[in-house]
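One structure follows; several queries about it will come next.
To keep things simple, chains are lettered A, B, C, D, E, F, G, H, I and J as they appear, and every chain counts its residues starting from 1.
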Amino acid sequence: MNLTRLVYYSQHNPSMSLGVPDLIATCHRNNAALDVTGFLQFNGHSFLQVLEGGRAEVSSLYNRIVTDPRHLNVILIQCCDVRERMFPGWSMGLHEGMDEQTKKVFLRYFSGNTVNPETIGADSLLAALRDLSREMA
Amino acid sequence: MNLTRLVYYSQHNPSMSLGVPDLIATCHRNNAALDVTGFLQFNGHSFLQVLEGGRAEVSSLYNRIVTDPRHLNVILIQCCDVRERMFPGWSMGLHEGMDEQTKKVFLRYFSGNTVNPETIGADSLLAALRDLSREMA
Amino acid sequence: MNLTRLVYYSQHNPSMSLGVPDLIATCHRNNAALDVTGFLQFNGHSFLQVLEGGRAEVSSLYNRIVTDPRHLNVILIQCCDVRERMFPGWSMGLHEGMDEQTKKVFLRYFSGNTVNPETIGADSLLAALRDLSREMA
Amino acid sequence: MNLTRLVYYSQHNPSMSLGVPDLIATCHRNNAALDVTGFLQFNGHSFLQVLEGGRAEVSSLYNRIVTDPRHLNVILIQCCDVRERMFPGWSMGLHEGMDEQTKKVFLRYFSGNTVNPETIGADSLLAALRDLSREMA
Amino acid sequence: MNLTRLVYYSQHNPSMSLGVPDLIATCHRNNAALDVTGFLQFNGHSFLQVLEGGRAEVSSLYNRIVTDPRHLNVILIQCCDVRERMFPGWSMGLHEGMDEQTKKVFLRYFSGNTVNPETIGADSLLAALRDLSREMA
Amino acid sequence: MNLTRLVYYSQHNPSMSLGVPDLIATCHRNNAALDVTGFLQFNGHSFLQVLEGGRAEVSSLYNRIVTDPRHLNVILIQCCDVRERMFPGWSMGLHEGMDEQTKKVFLRYFSGNTVNPETIGADSLLAALRDLSREMA
Amino acid sequence: MNLTRLVYYSQHNPSMSLGVPDLIATCHRNNAALDVTGFLQFNGHSFLQVLEGGRAEVSSLYNRIVTDPRHLNVILIQCCDVRERMFPGWSMGLHEGMDEQTKKVFLRYFSGNTVNPETIGADSLLAALRDLSREMA
Amino acid sequence: MNLTRLVYYSQHNPSMSLGVPDLIATCHRNNAALDVTGFLQFNGHSFLQVLEGGRAEVSSLYNRIVTDPRHLNVILIQCCDVRERMFPGWSMGLHEGMDEQTKKVFLRYFSGNTVNPETIGADSLLAALRDLSREMA
Amino acid sequence: MNLTRLVYYSQHNPSMSLGVPDLIATCHRNNAALDVTGFLQFNGHSFLQVLEGGRAEVSSLYNRIVTDPRHLNVILIQCCDVRERMFPGWSMGLHEGMDEQTKKVFLRYFSGNTVNPETIGADSLLAALRDLSREMA
Amino acid sequence: MNLTRLVYYSQHNPSMSLGVPDLIATCHRNNAALDVTGFLQFNGHSFLQVLEGGRAEVSSLYNRIVTDPRHLNVILIQCCDVRERMFPGWSMGLHEGMDEQTKKVFLRYFSGNTVNPETIGADSLLAALRDLSREMA
């Protein structure tokens, strides 16, 4: 029953074509079956993704991403048990691109809008993604 | 005067017929006489029940359930003194089944809607049952 | 200048007639002169009373009750300095009887509506009396 | 893996003979097999027992006690998940009787040495039993 | 089982002779029978006394003092439930007089060694009495 | 510079031989080069491992384990930034087997010594592993 | 730049006439020049005054009051650095007399409306004066 | 990604002419390029400035100010990592002069409106500047 | 009974001769009679003094200093009720001069050893004086 | 009197020769005169330095470093008021190089021993420098 939240960063492998609509459709199908929810921000080059659900399901999805050739340089930012989901309404919310409004949200919590996955604070990142999801709702 | 809250799980004994309306009518009668309140979620196979009242009354009701052949595999999840009732208005609120809305409430706090009584967190369970009772009010 | 709050329980001496209106009129007169405020719940058999005011005045009123033949089995539940009065508007609020609504208020914080003065929690009792006073306001 | 602690009170059924050494031997055998630990205080008339272990195992032992004819008036005082065992070294520590030293331990936390199971504070009771176990170590 | 601590001040009635040894002997006899413990400081003119034990027993002892002609101007300083006794080893510790060492203890927590019972802080007073009891141990 | 701690569980693939000494020698070599420290408990069937170091290094080691055929059913238990290492002295501490003393350490924090990786509490697990490392020091 | 708040009590010297309007006009002139703000309650016999401003300015005003023959028995109740002014809008708010409404405000926090400057609590006094200033606003 | 906030004071070099509009235009251009935000209060003689952004960018801007001949007596008041920007909407808010309203804001938190940069509290200063920025919004 | 602590700064009036031994002898005599304790640091030019005792006594001593021609520029640093004396053993501890060791104590808490009475932090000052008193003990 | 602590990083300008003994001798001379204390770690390429003292003195020293051609890429890590010095005994402690023991200290708090000045945590850095200073004491 444990509820786990995992946040990771990865880069899109430029040598592989990426069909974002297909990707999200697959996410929705897989996540709904596993009762996993979350949010994905894709700026065209790199992914920031939150996964919420059972520990085994979340691990298993993350482990599959690690071996997926479309993802390079996968870096785990945080993985912790949580009391309540942050994105209960999204089987996988997608936010694409980096327009002015998105940049403004990132700048609330960071010094810029390019993310360094090795040092980014998980709490600040979750705050920014939550703000993005609210603007989309 | 101590006010105690007890939460348990049990499975419905499939070899015995269960008249839920009768069960609840009996609950109401017994609980009202003992000033016991609470909430019962029955998904068709297993029970999750909260009992609130005097320590002796709550113990005595729970002990009776333990010996009731309609309940199998009774597992005590929590029993603590509390400052104030969580379900003061219900001599025994009943929530039956597991429709989409109910599942949604469970998923707020858990990784799925099938409960493992040995590991479920009591606080998360109480939060989910309180959310259910509010939607019924 | 110390502000003190005292809570006690006592039983009405059944061998003495009790004129509640007279009692309250006396209370009002005495308390107003001493700048004492408070609340009295009388269920027909026993008293639960809160006194708020100067330490010497509150002690003196309590000590008089101890020697008053109309009160039997006087039990002191709590006496502490406080920062602010809980019943500033009542020279002595009176709540009589135990109708359904009153019982409901007691059941929010207790396992029943008969009070055991030796074990009742002072904070729960004050919460119940404050709820009663608000319903009367 | 959840670690649960349960505290209950019961009275010895005077119409049934009680072989305390046999009882404890059975306890040790059963508890060791289930990785349950705990402490039992028997003053000749009533039991105060702590059980620590897995939730299902602790529930199952408690449920068996409820139906054991040697126990009357079983009252559950507390049952909560805990972080660490309080009696890890005792498959079932036994403390019998109520000599002067035992009474002294009880008086540290209570107004007397006869326990009212309906109002006794679980934390104070655990403090007293832990003090007894330390004096026996 | 509730454990209560009560602190009061009173003046010795100068028109009545006071046999302190008798008083204490009576205290010891009464308190031991009721499992009440405590501490008494008598400076020759006024008493500061702590009573610890069951709520009914402590109330009853205090109520008897209120009607005892040897005590004048009895002022209740505090009465609260407590978790553990502060003077478990004393059926009634007696500290008499106000020598230099006693005055020094009082001056740690007060501006002087004459006590104003209407404003004295209960916590400071308990700290001073505990220090006195430790010096006597 | 971020310091990250990651805890995971995995099962040994029974169809592959495992040379624990080789494994550890490789660990030591790899970890020392990356300034990664940690602790590994292997009970003969499953691994519990803590990795502490830079976020990218820890991710990269974990991602390699995910794809290592000797590990099956890899489940991530926790991954968080930390202020200070818990195992600074171990390039990779190894604790093998499950003797009586080891079982005793596990029972301090769990209901048994078989770990359910989907529900085990990360803090309790770290407490148990730290206790094991101290006994080995 | 330190912001300091000082509260004192004094008695009006009955042998000197007191022109309250003149006093306040002087206050306003002096305080405005020194950026000092505050509140003054004068019940006809004694003053309760709060001064807020720079430490040197507040000290200097207080020291002048000490030597002013119109003030007798000046007692300093509190003087502390503060983060923000409590009476920023008043170069010197004046509240005169002790009508029913004023007495009611005092009784919220005190046992009566005659102030004992040696024991009055500074926080309660500031709460009462702030309530008075709000009623005047 | 670290977000840093720096607050400093400096004096305008009176021997150099200062074109405030030019200064601010340059600020806006530089800060926007570096994703630095902040607020500047200039009373005609001295500057109080907040810079928020990446640590290197903020340091670099501050270091440039240190060597800028238009600034004399540059004193660093605070520099800390922060969780969220205080002035996200201002590439550089400018507040000029010291009118009555501005003085009133300063007096909320200080004893006067002339700032001593060696002793001014950073938190009070930020509170005053935030209040000014809100009045300008 | 309130216990108050007052800290002030003043300058020695250079036009008046100061007999420090006489001053201290007077202090001892006056303070002992009033149960006032404290500590005095005199660096040859200015005084830093702590007074602890009853509110009226401390006020009265401070008010006398304000009018004493040997003291100039008296600035009140803090005056608050306290729970326990900091200098219970000193009717007035005297520390004179500013040797290397004294300077070292001041530098633990301040940027230098010359005190600015308008901005010095009362807590830091008390820490420094307490350290001095300990080195003298 | 404010006590300020500043931490910065800089790189040694490789085109300028650096006489560390001379540098430190100058530091000692300057700092002692200004009552500034601190600690300097120089690994041969970059500096990590802590300065503690008055705000103006610390600012002035830091501002001089910013313009000193021997320092490149000066990055301010933290500057805050503090209650007590961390390095009171060092007019400027010097720790040079990066031997095994030094690396071990850095690895307690960081993922490696090369510092990224833009992301390093100030608290972790101070903890590491304090550990180094203790090993040198």
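By our rule, contacts are C-beta pairs under 8 Å (C-beta built on N, C-alpha and C of every residue); 3 or more make two chains touch, one makes a residue touch a chain.
Here is each chain with its UniProt name: A, B, C, D, E, F, G, H, I, J = Blue light-and temperature-regulated antirepressor YcgF.
A quick note: this is a predicted structure, and the numbers were derived from the prediction, not measured.
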item: Pair exhibiting more inter-chain C-beta contacts, C-E or D-F; value: C-E
item: Chain pair repeating A-H, as identified from B-D, C-E or F-J when over half of the contact pairs by residue number coincide; value: F-J
item: Centre distance in Å when chain A and chain I are each reduced to the mean of their C-alpha atoms; value: 62
item: For chain B paired with chain E, centre-to-centre distance based on mean C-alpha positions, whole Å; value: 49
item: Residues within chain A bordering two or more other chains; value: 1-2, 54-55, 116, 119, 121
item: Touching residues on chain F, where the partner in the complex is chain D; value: 104, 107-113, 115-116, 119-121, 123-124, 127
item: Residue ranges of chain H touching chain J (in the complex, touch as defined); value: 1-2, 6, 54-56, 58-59, 62-63, 66-67, 74-81, 117-119, 121-122
item: Chain F-touching residues of chain D, taken from the complex the two chains share; value: 1-4, 35, 37, 53-55, 57, 83-85, 88
